[in-house]
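Each chain gets a letter, A, B, C and D, in the order it is written, and its residues are counted from 1.
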Amino acid sequence: MSHNSFGQLFRVTTWGESHGPAIGGVVDGCPPGLSLTEADIQPWLDRRRPGQSKFVTQRQEPDEVRILSGTFEGLTTGTPISLMIENKDQRSRDYGEIADSFRPGHADLAYHLKYGVRDYRGGGRSSARETAMRVAAGAVARKVLGAAVTIRGALVAMGGDPVDRAKWDWRAVEENDFFCPDREAAARWEERLLALRKAGSSVGAVVEVVAEGLPPGLGAPIYGKLDAEIAAAFMSINAVKGVEIGEGFAAAALTGEDNADEMRMAPDGTVDFLANHAGGILGGISTGQPVVARFAVKPTSSILVARRTVDRHGQDRDLITKGRHDPCVGIRAVPVGEAMMACVLADALLRHRAQVPDAPVSTRLPRN
Amino acid sequence: MSHNSFGQLFRVTTWGESHGPAIGGVVDGCPPGLSLTEADIQPWLDRRRPGQSKFVTQRQEPDEVRILSGTFEGLTTGTPISLMIENKDQRSRDYGEIADSFRPGHADLAYHLKYGVRDYRGGGRSSARETAMRVAAGAVARKVLGAAVTIRGALVAMGGDPVDRAKWDWRAVEENDFFCPDREAAARWEERLLALRKAGSSVGAVVEVVAEGLPPGLGAPIYGKLDAEIAAAFMSINAVKGVEIGEGFAAAALTGEDNADEMRMAPDGTVDFLANHAGGILGGISTGQPVVARFAVKPTSSILVARRTVDRHGQDRDLITKGRHDPCVGIRAVPVGEAMMACVLADALLRHRAQVPDAPVSTRLPRN
Amino acid sequence: MSHNSFGQLFRVTTWGESHGPAIGGVVDGCPPGLSLTEADIQPWLDRRRPGQSKFVTQRQEPDEVRILSGTFEGLTTGTPISLMIENKDQRSRDYGEIADSFRPGHADLAYHLKYGVRDYRGGGRSSARETAMRVAAGAVARKVLGAAVTIRGALVAMGGDPVDRAKWDWRAVEENDFFCPDREAAARWEERLLALRKAGSSVGAVVEVVAEGLPPGLGAPIYGKLDAEIAAAFMSINAVKGVEIGEGFAAAALTGEDNADEMRMAPDGTVDFLANHAGGILGGISTGQPVVARFAVKPTSSILVARRTVDRHGQDRDLITKGRHDPCVGIRAVPVGEAMMACVLADALLRHRAQVPDAPVSTRLPRN
Amino acid sequence: MSHNSFGQLFRVTTWGESHGPAIGGVVDGCPPGLSLTEADIQPWLDRRRPGQSKFVTQRQEPDEVRILSGTFEGLTTGTPISLMIENKDQRSRDYGEIADSFRPGHADLAYHLKYGVRDYRGGGRSSARETAMRVAAGAVARKVLGAAVTIRGALVAMGGDPVDRAKWDWRAVEENDFFCPDREAAARWEERLLALRKAGSSVGAVVEVVAEGLPPGLGAPIYGKLDAEIAAAFMSINAVKGVEIGEGFAAAALTGEDNADEMRMAPDGTVDFLANHAGGILGGISTGQPVVARFAVKPTSSILVARRTVDRHGQDRDLITKGRHDPCVGIRAVPVGEAMMACVLADALLRHRAQVPDAPVSTRLPRN
């Protein structure tokens, strides 16, 4: 039991503070013989990197990852893979004021009450900077899953303004600053976010992650359900306040006949689902349909608007949080959500094949 | 790593199938010296018990729990507590048809593809019957948390019809068949559910669980966050498709200044939060405010309306699921949600005191 | 983390006290599709059963195991297997005196100091009765390992009198009351144990367990080493004070050239080891040679000879432990040691195939 | 479940290969508020450091540890502590020959069969170099245990030549090159080891570790027994083939009346044990007596004497292992054994106080 680890067989442990010398992670349990170099990881980190547009924090971090162990001549060896990124652009002077005061909506007070000692610089351990290591681990997880599995994320709502699913285009996701699949929504969001940034405010968002090409059978009853593990993984991301699978909360308003995904046999002998309200998971186990999950990200709590708070000496204070913050932390949560999905699936895959090595890899039902 | 266990230090393992001879659970890690007999557990089981109103399954199970180990002369001994309930009213003949066919929206197909062998009678391991053991374990968890901690659940929406929070009355929850805190909503729901039952249909619901009287400091960064563990615990309950904490998905539509809970010092030297959008958790750690969480339950997939499906021989079938089912499985999920919250909190409490034995038990901030 | 569970993927949790209504265990993670009924487990329990000869405790327990979950129509389903044995011959009146006094060499004092409350009857949770569930779980583990793997144990020394390895005959193990592979030693031991029993004394012993037919590759660096897990498993058996692998402590007296097992290629292309000082494990990983491990069992501490001790009220006492005890608890530890070996190996097998699904199953080295 | 982690609440994960850029470790679960800087760790590393006498490997590694996270202004913060040591004196050209051939008695073949890919340079992950991180983690564990707990190790036999316990002097341990508590034995061993080194051979040894000042109650039945965890921890150290607690294997030759440690009340109201055959542990739980444990280290398998072996192409080979090796790897295992003991005890302490926060800290028995 480690509070800084996740996964069981594909197990990731992270360490590091926002303004310490470095952040890092250890990936244990990776199968041997997979090709892996820094070049496999860096592109995913670059997607999440701060300072790339005016809509994210202006901290300039190259986020160059080094592999310190676990590979030999470009192949994984089955031993733990140590990943490290040096922190370059710590500007700790920005944080003098929050050494004593607790930002409303932030982890400051909770850490203070729990631990007594805390590294307040840039949020210390509670900073979203930690998520860089999740993205790095996710790149390794994608190797474990193989090329047949695709995991993609998108921002599907910002500040209550959703995308139009009829206009969904995965290519658009890579074209705008918001990972937004709907070009028209992206244009609206840009305008709005500029205004919010100017006002020193921030806004929440919803992220959707879709995994395709999975075999059926991932996940296990009762407490190893795939959806339960996705829920924990997403909820562990900074600022996330809600998680849903498939139809999610909307399912609570449906009748049984509307919600249950009917089936017919496809000509190739596999099962053809006529809908995917379930989000690809039934009874905690993947069905072979795309796994679809969403999470809600609250607005950044570090804002330039003065808020009422208290300090460690029990005094009332009014606080403006300076520093370089994301006006919509949900944007950079997209690659993080993808990475967490990849890690959860890689772990589930290893566990599935441990217990059922000869399980079917498709939904084909033998006619006999 | 056990797929049928949850919790780390307060650890619960369950076993049993819907139509096997019994279901059971083992609670390991319980502190010694707590008073515990069957009489402490039975009332909670009675709340969840099937067959008590016309809005839940008509299976008649007395659900009498036996403690087989872990106590001596009415006190816990620190050794594992074995709990068992005999199954009495298995009516397996109801399930002949689903031996071969897969109910849409149910775990049948997923189990078949994963394991090859499955106990189809009453859903076997995937049956909601398993949740009786969660309720039993939750009763033990409440003992660990002590009398100062209150955990209460309620149904806050059925089929898209929410309660009016202005009319919330916890006493109402115990008075109607729906655990509904709004008497007017309960009246509406009764009418609606009678119609749905007559139509052989079913409907989804939303459950809210509130924990009060907690110390700050429960939960731990990064992957042991209290909200991540609540999310996993709730998502592991049968038919749950979404989980949210505090403001939840609504937070995604708010600005930073609206969402962050401001603070002032109270006259007694503790922190006075001016709102609770956070649901009592910041940075994954409890703040001392009430912990508020919700989950969405999909409509029961076993319905009397014919649905298109396939069978294990790869043939198209049209299926009507007979048997005795809950028209709104969300109702009986209320005590289950309370129990899962209790277990998660008991576990977090033990972990917190292991790492920080002298942590403060309130939000009092010393003036120095 | 459960103190009453062992194994990671093949995970066993046990519960129950010596004089409670029953003892039981839950085996989680067992692959589906294995044939398993009570008849597969009962013979192994019968080997360990008390009351079968004058050299073990005279408590009469039929030790009839029931499978309460996890199988369907004679096959495992991949869900948790619940096993239970009712206690029949509790004679709790024998234990009145030790309610207050702590038997020297026994767990009484340690439990009292740790937990405050303890079930003193028959040793409660610390009784060797718990090992019946290990044997039951071991029977399931043997199914996982398959018929090609053989696990056999023997008593190789009693009270300092070792067997003559030149006279080793596995058939003898099943013929005498000591699981002794050397018929002459068995005769000597019989005489000695009769005398000891008459004197109300007891004696220690050494057990050896040999596993043959294993693939190479089981176990993993660094902290999942196969020998480390065998060591923990054996040391968790009641009264065990030492564990060794292969040459064991004798290796500490050897030179490098004497200890290292040389190799040559066999005609069939596999590796031919010229010795097995390593006990089949190198670097924590099985090599395909027989795995050989031993453990030392201390003499039963419950004896009829008066010993000086103290009671819970801080008073000096002289204590004679009445009741029905094993004069050499090492004898019944033989099937327990076999079972623990089986469980450790089954777990290692599942973990190995999770990480390296296409690993070689023999030591064949391709000539290329 | 991580094969490269140990401990549950005080959890250590290590990474790194002998000839990679660095080795490292992450300590998770450390309580906050402990003073900790590199200066607290370095002295323990210096004791284990290679190249310090002619009796250990001549590799010159400064072994300078850096703390990369988890502390702030000299205090632990409760977040993961990342420790790293750069490798400086990798001389990989020494290892060309073993790229293809498997050293007898070494992990080479086992890694090859398990993983297919391996970093053969210096033994890669299987190198004793990894133990430096155990020593670093052990230094943190000592902080958790506090100054009242003393953990000391000594070499008690080399090549079958034991120390004379009547001549035991802890001060001698720090004076000679062998951590030998008997000055006369140290003199004999020096002579012998010089001869062995000249002959290109190696020899085994036995290490004893003693922990004093512990509270009673550490460890837990049944599978979390303190002795089981010590056994696993010691057996996970490179080249260890046997572990024993207290009387150990010698207990198997004793009678019950000789082995059980009698008790009397001491004048101060605590329990006075009249012997310590149990090694401070009964029923898996510490009694407050000194915990005494030993482990057997086999002779280094990398020797300059030619041995018969095979290569990866299935060819017979005769191999001499060049490079810089320890003629008695048992010597440097002494600080490693101490560190593992410290880690196991720190972990047990946290677990004990989680379950029983108000447990007694001495063996005092209230007279009532």
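In the analysis below, a contact is a pair of C-beta atoms (placed from the backbone, for glycine too) under 8 Å apart; a residue touches a chain by one contact, two chains touch by 3 or more.
Quick caveat: nothing in here was measured; it's all calculated off a predicted structure.
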item: Co-neighbours of subunit D and subunit A - touch as defined; value: B, C
item: Other chains in touch with both subunit A and subunit B; value: C, D
item: Euclidean distance of C-alpha centroids - subunit C vs subunit D, Å; value: 25
item: Inter-centroid spacing, subunit C versus subunit A (mean Cα positions, whole Å); value: 45
item: Where subunit B and subunit C are represented by their mean Cα positions, the distance between them in whole Å; value: 39
item: Set of subunit B residues in contact with two or more other chains; value: 1-5, 8-9, 14, 29, 32, 78-79, 114-116, 125, 220-221, 351, 356
item: Subunit D - residues contacting subunit A, complex; value: 1-5, 8-9, 11, 13-17, 20-24, 26, 28-29, 32-33, 66, 68-70, 72-73, 75-82, 114-119, 124-125
item: Subunit B residues touching subunit D - in the complex, by the definition given at the top; value: 1, 9, 29-32, 78-79, 220-221, 350-351, 353-357
item: Subunit C to subunit D touching residues, read off their complex; value: 1-6, 8-9, 14, 102-111, 113-116, 125-126, 130, 157, 159-160, 196, 201-206, 216-217, 220-225, 227-236, 240-265, 269, 271, 274, 277-279, 281-288, 296-303, 305, 307-316, 330, 351-352, 356, 359-360, 363-368
